[in-house]
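Next, two complexes with chain A in common: one pairs it with chain B, the other with chain C.
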Partner chain A sequence: MKKLFAALSAASAIGLASAGPALADHTVKVGIIAPFSGPFAIWGKQFQEAIEVYVAQNGESAGGHRIEFVYKDSGGPNPSGTKALAQELVISDGVDYLGGFVFTPNALAVAPLIDEAQIPTVIFNAATSIIVEKSDYFVRTSFSLWQVSVPMAEWAYAQGIRTAAISVTDYGPGNDAEIAFKTAFEALGGTVVDTIKMPLATTDFAPFMQRIKDQSPDAVFGFLPAGPPSFAYIKAYNENGLREAGIEFLGTGEMDETTLEAIGDAAIGITTAYHYSGAHPSEMNQAFTDKIDEMFPGSVTNLASVGAYDGAHILYQMIGAVGSERTEAVDVVRGLAWESPRGPVSIDPVTRHITQNVYIRRVARDENGRLVNEEFDVIEAVPDLGLVEN
Partner chain B sequence: MSVFFGILVDGVSYGMILFMISVGLTITMGLMRVINLAHGSFALIGGATAHWLTSEMGVGYYAAVPLAVLATMMVAMVLEKVFYRKIYQFTELQQVLATIGITFLCIATVNYLLGSTILPIKIPEVFTESISLGFRSMPVHRLVVIVMGLVVVVALFLLLERTNFGIQLRAAVDNRTMADALGIDTVRIFALSFSLGAGLAAFGGILGAELLPVEAYYPLRYMVLFLVVVAVGGMGSIAGSFLAAIGLGIIDTAARYIVPEYGTIFFFVVMMLVLALRPRGLLGRI
Partner chain C sequence: MEADIIRHKPAKRLGGIFSRRILLDICLISAAIAFFFIFPNNLGFMTRVLVMIIMVLSLDLVLGYAGVATLGHAALFGSGAYAAGIFAVYISANPLLGLVVGALAGAIIAFFSGLILMRATGLTLLMLSIAVAQVLFELVNSERDLTGGSDGLLGIDMDPVLGLYAFDFYGKTGYWYALAVLVVVFILLRVFVASPFGLVARGIHASPERMRAIGTPVYWRLITIYTLAGGIAGIGGAVSAQVTELVSLESLGFNLSAEAMIMLILGGIGRLYGAIFGTVIFMTVHHFAASVDPFNWLFVIGILVLLVVYVVPEGVLGLPEKLRKHLGMAK
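Moving on to the complex of A and B:
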């Protein structure tokens, strides 16, 4: 009898050990920090929809761990508020992982915290190169301005463009884009005829357009935040006759899918270099966009969607492998390669930034009459050139 | 020389847009003396309605503009009856707080109904074409704004200076008790003037939408512009607002063309200089 009991308990112990994580009523919580209210609320919406699509496609658990997402509203750029939210998530909500982060200052603010609490943190957007260097717990699934601006400069030069004016919005990402484009373009032998830093609040671009037109360069490289600035800039570009004069616009994220329809016909033919187009031709992306359309009618996918979708993928990989034993979780995804809706990607084992294709796209109407970024050229497997070249 | 004329043309057209979106505030804040920080909300309501009519309901632009302006005036009538009649009696700080609260209500409502992205207003094809001025070209919609701005200046001047309504309004704001005693229906005069100010805000918001795109945060994004134009022009002076808007438009445009790296600082330097020398603005009444 005793022997039988011992055998039984041994068997059950083995059973428990092997099935432990699945049987244990254990949920791993992930805190998502993003703007869900205020002028940038669209970011939180895009993040949440993409995560919910990922969950619908891949189930609520990974490696036997049930995954629960907790969403917190950071509003706009707000470092101290973001840090407090992260603290609250870790201490009160008991999250083991963090994700989200639209603005660079917000991401930088949590670096000391995630170091101390050993919280792996996936950045879905914040695109300044240095962020990932501030903590070994950061992994980034978005892009950096260097990563997309350098390919734009190289592609332009290859097309025979030799002189360019640069017009960027005068804030952090704008300066990154300016330096990246200028460095790459001049290294090839191109000439930058003028650099214009435009005030962040401006929506009347006519004077800048006139100034650029007077210098008649082959192209104008621009960086502006998507929204009222990019809307008004592209209209001014057309209406002040730069397009007619053959001054080609070169950009990165200005043709964001969430503002494209608002810009309308003025956007057709605009060339940009970017890592994701909602119209990327692949089965994976088709499944992604179809599911978004099914679950959230009227929504479109953009860089925020794909950043969050791949961010969810990274989180699932880490949680699936180690659950809440998170201290070594980042090592799980170093060098991880997979297919994303944007195309083949991998996490650089050293920088923990995403290595990805950069596509050259042109705005056109698809067969349904919707405006899309049509990819027609690709620069493969580009790392964060800001981290490589600086 | 062509640079000079280029700046002049762009500056005047930008200034005219500033005038169009601010002139309503000259009436509500300048004449009626209510610190109406919710002014941009009426531009937003007008712009959002015009967006809804042109994009979702398939109404043509020329019909959508008057409909949207009328709808805004009706909303303003209701808000005037419910809130502003009490707000007139408030102290200045209370007016600031109450009207900023109304602004947040409007932002949240538009955000809830139409989302936080840009709400484009479909303009007729001809508006996006360029016309040649000889030395340079200019989009038609800017010309439309310039013409409409001039029409509004003249119409408002005639309304306020030459009609019975204008006389009654001026009497009512100068001394409401006396105006009441003389049998002027000041409640009605105030309601009409307020909704006129809101209607002008809506009209300016719609016409200026190519340059200042309409979206939920419009009232906060451009609030400083409206206030600066009215303050520099002088409270209650239509001509003052006109001069201020055109002057500021030209200075801002010139600064952006010649020294873009200094941003919009000249706009504010000019404002400070004018207010330091003439605290009541260019043509302010005592």
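Moving on to the complex of A and C:
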């Protein structure tokens, strides 16, 4: 109910703000489209918390423009609904910028619209390489599967791993991860002994594990959606004795901070390559996680948080420079480099995708007994290899 | 249902009902036109409602009129959407041709799946219908080169409707286009429902055994109805693909089938108006609840569905009749 009132008063505030003439200190609105309900609601929650932390740290305005965020619920993958929401945000709410987007089809659906309406749009998550090519108004602060899978393959090869099995969930990101890992690993001279595409609805991974074990590769590269599938997969990996057999698990985003505690001790020692760990050792990240903890007790930061936090940074830079004269706003952030909670990052001036360090991490317990992804190796300044190599 | 069948018998009353219905139709169309001017900022949403009405009308034909309970209607909608989308990308971006292709795709899938589905009844049929949609879902997911898999089918760029009206980003053309298609579909269905064949459908719903006894080939009649419904759902899918310019796997998903059924039950099954009112009410409540409180709106939808199931199981359109009965008793 409280939220309802807050939303209502926010709505009336929007009405008042837009009624006034465009003053120097006027409000610039940003529409955030993300899932706030249903099975993917955690994404919207992580986005919103990170944005609110950014606002708390950096104030409500940039370059004399007050910035206001308007949230819309897209539910799950829902391109037609997302497009309608974006239309509404632009036409009736009068937003000048868009942000959010968890699912690839949702982001792709707004591409023609933001082109026509010239709305700079910051993607906080949707990770398929091609998205940023579909409109010049896209900027992305997340990652792509190529960006993290290729470093994983290279690191594995450097560790003396020569044979690997690949097991990925059979959908877009899984296919991206598979092709990226395979291409990089084989280019180095490694051998992929088997590729298993697991159906999206799989809950019992034991048969796949047995098949991998029988082929006894040095490692198994996996990609699964974060949450229950990753949980079940890791459990099967341990229970079927792959770990004892010395078949190392290599992954990317499976050890997500929001589900790590649920996986429990089974996760300890799992190696992944990723662009952000909640335990990244830097002052900036410490300040970020402390503030999250202070404002939203019990919340942790993960890839969604850092995507939204950096997304907010990009939006602040654009609005600070040009306000609602947004047509050239994307040029403001081309080549922009800054320090993010994940480490040093920059926006590639050509692809408008984020260039960032990819860290090799291992799950361990920190001094407070919490499970964290401990970074122990780094591949610096990796661009979106999917856009470079394809 | 019995009452509905009887209502068609006396020729005298038929005329009366028809004129009253035409009045209601004119009101509905006027409302749709008025909404365009009253809510110029919500055209995207209203277009989605129109598309969904086409889908729910098609489900009503199968579930409401022929009494075939299916939870796989998205298979037909999605086939239409993908067929129209792929046709637009690779062959021709003409919207009207796309509609024909969508309708054909929906009808073909309905015909062939109907050959199996219509042999089953009850729970078996329900399960099979879900299975058909799931098989198509996985097929589209695995054929990434053609369909884009879970990224969605990209690259749809429609030609202007009739070469005159380009699809604009405000969604004006999209709205008029969807409305025009809906009106045509509705008129077709109206004619069908009032035809002897429509009566056969109702007859099969009321008692397949008796229909068989009087010589109706029930199985083939059901397949015909299902194929027709497939064509209509396919048209809905095609409009959705053309207006959104992207088709995603969710157009074949279980959620869509289930939501369509909820909308139909909400409005009242076995009545064409039920499909319209149910869809409009469900999606409007959904839309406003979600925009007022994007975090807890599902709660409102839950309450709404519970209320309907407990208070008016016949759907919103059953409400006036129920009231009349109550008042009658009070006298």
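In the analysis below, the second predicted complex is superposed on the first by the 365 of 390 C-alpha atoms of A that agree within 3 Å, B and C clash if a C-alpha of one lies under 4 Å from a C-alpha of the other, contacts with A are read in each partner's own complex, and residues count from 1 in each chain.
Criterion: contacts are C-beta pairs under 8 Å (C-beta built on N, C-alpha and C of every residue); 3 or more make two chains touch, one makes a residue touch a chain.
Note that this is a predicted model, so its numbers are computed, not measured.
Undergrad: Counting only touches as set out at the top, which of chain B and chain C does A:Pro199 meet: first, second, both, neither?
TA: A:Pro199 contacts both chain B and chain C.
Undergrad: What is the contact status of A:Ala266 with respect to chain B (first) and chain C (second): first, second, both, or neither?
TA: first
Undergrad: Would you check which partner chain A:Pro349 touches, where first means chain B only, second means chain C only, and both and neither mean what they say?
TA: In the superposition, A:Pro349 touches no partner, neither chain B nor chain C.
Undergrad: When the two structures are overlaid on chain A, which partner does A:Pro207 contact: first (chain B), second (chain C), both, or neither?
TA: A:Pro207: touches chain B, not chain C.
Undergrad: Please work out whether A:Thr258 is in contact with chain B alone, chain C alone, both, or neither, and reply first, second, both or neither.
TA: first
Undergrad: In the overlay, answer first, second, both or neither for which of chain B and chain C A:Asp170 touches.
TA: Touch partners of A:Asp170: chain B and chain C.
Undergrad: Looking at the overlay, what does A:Glu239 touch: chain B (first), chain C (second), both, or neither?
TA: First partner only, chain B.
Undergrad: Answer with first, second, both or neither: which of chain B and chain C does A:Ile42 touch in the superposed model?
TA: A:Ile42 contacts chain B only, not chain C.
Undergrad: If you lay the two complexes on top of each other, which residues of chain A touch chain B in one and chain C in the other?
TA: Common interface on chain A, chain B vs chain C: 38, 41, 170, 199.
Undergrad: Which bits of chain A are touching chain C when the two form their complex?
TA: Touching chain C: residues 3-4, 7-8, 11, 36-38, 41, 44, 71-73, 76-81, 83-88, 91-92, 104-105, 108-109, 112-113, 116-117, 128, 130, 134, 170-173, 175, 199-200 of chain A.
Undergrad: Any idea which chain B residues touch chain A in the complex?
TA: 3, 6-7, 10, 13-14, 17, 111, 115-120, 128, 130, 136-139, 210-213, 215-217, 221, 252-254, 256-257, 260-261, 263-264
Undergrad: Sort out for me which residues of chain A touch chain B in the complex.
TA: 38-42, 170, 196-199, 201-204, 206-208, 210-211, 214, 227-228, 231-232, 235, 238-241, 258-259, 261-264, 266
Undergrad: Considering only the defined contacts, which chain C positions touch chain A in the complex?
TA: Against chain A, the touching part of chain C is residues 40-45, 47-48, 51, 138, 141-142, 144, 149-152, 154, 157, 168-171, 240, 243-250, 255, 290-298.
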